[in-house]
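Single-structure report; data block below.
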């Protein structure tokens, strides 16, 4: 993007592979974005930034224009901190990609988690999943011992018996299952993880046509994916370094979307409530304030 | 008068809470072209005197005048102070930066090495030298500098009789040829008389006596005049009681 | 009186550059050149600071991190110093160790977190191990180098006196190698502070590293700044105090900024 | 012939401990004591290694990381060495700098990533900055310490010869401070490898640090191991080669493992 | 015979690609209780000889026997070799580890400092000493060790005439009192004759001549016998041509 907004020369896009963001993978692999912007002489620069917080930081520093995949939590947090990040489209609802996993065969239900050590990243949809699941069974967060750690660490700690359950997602979830762990519950029915495409506010204001073009390309990537599923899965598997079966599994666990619905906004409001309750947000933010009109159909 | 003039130079050190007067209101004039020998007990301030003249240490009081002495100065330290990483040749070449002509540089170097008897060791490293050889390299470094004022702190202290004799002759030759000014610290009274035109006797930070040596070069250490001068200097040093104990460095010297 | 002035003068000089940085910071934030999300304005930082002071969380984070830093540092020093001595006295041992040691020296401790978790669990053990890994090598290598550079003529002298290894170490090696050793310890101490972030990535719920990571995740840049400032100034303060102490203890050593 | 044997013997000794680690690894994996996900069996690592070799990705990661490591290291050395000299010659400058420098020395570079992004963007700039921050201080502090420990009698000697600052540096300071400087450079080089993980956390899509982080996220422990082994052995190899080279270049220096 | 016996000791060094024979098949016997002075040109191998006897360097060939000499050995090096961080007192105390009794330790220390005239400087650091004072500390360290075999490498090289004379007397006193064995390297021929019961003349790594000195202590340097012996030693050293150049160290000495 660069700081000079008058004439667009380069468009900086973040590239996030996991959890299995197939449309974005295809878009990059097939050079669709470059092609779409080529006639205007705009270059496309992909930056592989996995963390939502880092993407938000990069946007604040004017180094990133479009976040290819961000979770809504990061967007809301950034927004509340005065960082103008705006959702421009939906990306997916990977409900089955997020799960609570245990190694000990004795732990099969949420109730079994009482008094146990659970590892996972705080302040994410996984944390929210645990809270919602506990709440649904009449427990609270105080009934488990949540240890803050990244996903790979949580997976390692669980498999080596240091903790009783882990909050996992994506490939780590598949690998854990292969290594003998079992899923206690996925996010389905408790929370709806929402991955979205976001843009830097100023970029959106000054180059709405570029954003529109990006979304067009995204839609056509989705279309191509659905039309050539086998080939798409192969590309995705290769890019992720996993088997095609695993890729198919992840594909089916994920519900890819292009637009957000009113339902999504409502769940985002629930998310805000959750975050305020857990001290992650100082005050509630209105999700609508960070969703651009383009995000709804 | 052209030369170096020290007037009331004092230098004090703090050692273990006491104040040591290494130099006490020293008055000394070294006319241009003089050859002054300095003798005195160990610890009487000879090295400190040279350091102050060289500007390596600053006097606490008094003033130091250089008149008509704007040429190079060289100093031979009491220890060799060679750069461990440089060969004999390169250590000496450090002093040759004034000589821009590489051919003459090479010539001076060759000649000095020859004079010092170190030609075969020109590429040796300092750690490969014997004590006397290291001292000769340090001497050579000072000679290479072709100084106008040459300060020497026991330069022949670690040398055998023959080398010492030959280098004494060489030093006199250089002195006479180039008309340089030399301050020569030694603990060998005979050497002091053999070389200097004047012998300064220092004691407890003061210059006690200056004894002129009105003999022509080359001097004959066997001559009656020489012997009487030598005895005179020795007497001046030994002026104190003849107790069996060695001269107690300081004690009474605290300022 | 003069003494006093120079002391004051020195402090002033040392603080000039930081003061300039502070000025730059004030200009940048107050004029709004930079997104306040990246560099929060002083008011916000001050507010957060006060609230963290009042609820005691800052003090708690500091105390916990201090404990980790000191434990890790002393553990590292406690292994590195004797090991350097051993490697010095028994070149054979150093031959045996060097492969593994230099491998470890070049390997990012962060990459070894999974292994550390496996060996040391997710408690304090793996955090300490990470700090030790981060600060071990400056101490070890500088000490070893200091020992190896000790003038062999002094050691020969010690040999003629038939000094035992202990006496040799105490009276000759230690004082001679001290400047290099201190540099190593100083560097090591710095790295043990720096390792806090990595260490407190592993299942921590408190500590300054955790504070920074958590605040970053929650987009609380003000807290991130408070964490960074705390780590930096604590490290600076301790560095200063220990240098003062060492100057007193070993007056013959020259140097160091 | 004898020469040859001792060379071989030395290598054997150096490899003994790593070989034991290897044995332990084989025992652990082949008996299945540890979950193969945590420590993947040799077959799996071998397979992954071969496939990464064949598709060229390993070589690419290595080359890109090498570039970053070297650029960062030389940048750090290029700043640290002159700065140490300046601080040595102008104590006033060092007074002015020391506050900020020691603050930075104690601050985790990882915590400063947001600021680095702000200043250097998300391209190579911020990655290099992180590597520089990681390896600057051992080089700087060891060089400064080495300079400060140079025998002042030699410097006095240089003074009597009216050596210019340049000659003094070249002929006296540099050779005398060299051992300490080399230790600093060696430590710095190690830290520049170690910083790869942190550096390649910032918007990287290649490099060994990225390889490790990405593989961790994708649960490819075999790739994580390949990444760690690559970093460690490359570092070890380069360390070894440079030490050999330096031994040739400066034969009078004693020591180092 | 009790004592130290060197038989065909050789020691070679590599310098700049050449091989230097620092010791060449040296045969020397030092009976227990002997006082042997060693003189010779700078670089002739004196220090190397002491180092080999002390065990600090290993000879390349030949054998070294110690018979009935199982007491302590002490060495005074050509340079002071003081530990910079330790005070004068502590440097000397390093040599007193054999003395378990603290009171006697203190006594020996006090006495040695007194003899050396360093009492006032007992707490000074090496960097605060003059060249001669540092040499005296090194000497004191060797004396504190109360050795059976004492190897001295130009121990009085940096001392003034008076200190030197007194310490020479003290050394003879210790030699006669304790019946120790002394090897004394010096470049002062008069000193060699004044102290030794035998003077060894070394040249180019070989022991050229051993001249017994059958005079009783204390010796009178003015006596005719003394002077003739001194001349004899000097002659033995100077046996070569009298060219103006100093003795060229080695060149021809490559093995």
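By letter and in written order, the chains are A, B, C, D and E; residue numbering begins at 1 in each of them.
Just so it is clear, a contact is a pair of C-beta atoms (placed from the backbone, for glycine too) under 8 Å apart; a residue touches a chain by one contact, two chains touch by 3 or more.
On a predicted model such as this, the values are computed, not experimentally measured, just so you know.
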- Longest centre-to-centre distance from chain E, chain (CA-based): A
- Note on the structure: Note to self: most contacts are between C-D
- Task: Return the distance between the CA-based centres of chain B and chain E, expressed in whole Å.
- Result: 25
- Distance from the CA centroid of chain C to that of chain D, rounded to the nearest Å? 18
- Task: Using mean C-alpha positions as chain centres, tell me how far chain A is from chain C in Å, no decimals.
- Result: 37
- Note on the structure: In whole angstrom, the CA-centroid distance of chain D from chain E equals 50
- Multi-chain contacts in chain E, i.e. residues touching at least two other chains, fall at 79
- What residues in chain D touch two or more of the other chains? 34, 38, 114, 117-118, 216
- Overlap residues in chain A, where contacts from two or more other chains coincide: 57, 60-61, 152, 156, 160
- Note on the structure: Which chains touch? The pairs are A-C, A-D, B-D, B-E, C-D, C-E
- Task: Give every residue of chain B touching chain D within the complex, in rising order.
- Result: 54-56, 72-75, 77, 79, 81, 83-86, 90, 94-95, 97, 125, 127, 141, 145
- Note on the structure: Listed in rising order, the residues of chain A that touch chain C in the complex are 53, 56-57, 60-62, 74, 77-78, 80-83, 119, 121-123, 147-150, 152-153, 156-157, 160, 162-163, 280-281
- Touching residues (chain side chain D, partner chain C) in the complex: 10, 13-18, 21, 34, 38-39, 87, 92, 94-112, 114-115, 117-118, 137-138, 141-142, 144-145, 148-149, 152, 179-180, 183, 186-187, 189-190, 193-198, 209, 212, 216, 221, 224, 227-228, 231-236, 239-240, 254-257
- Task: Could you pull out which chain C residues touch chain A in their complex?
- Result: 35-38, 113-114, 117-118, 121-122, 201-205, 210, 214, 216-221
- Message: Using the touch definition from the top, list the residues of chain A that touch chain D in their complex.
- Response: 12, 14-15, 17-18, 46-50, 54, 57-58, 60-61, 63-64, 151-152, 155-156, 159-160, 170-172, 174-176, 178-180, 240-242
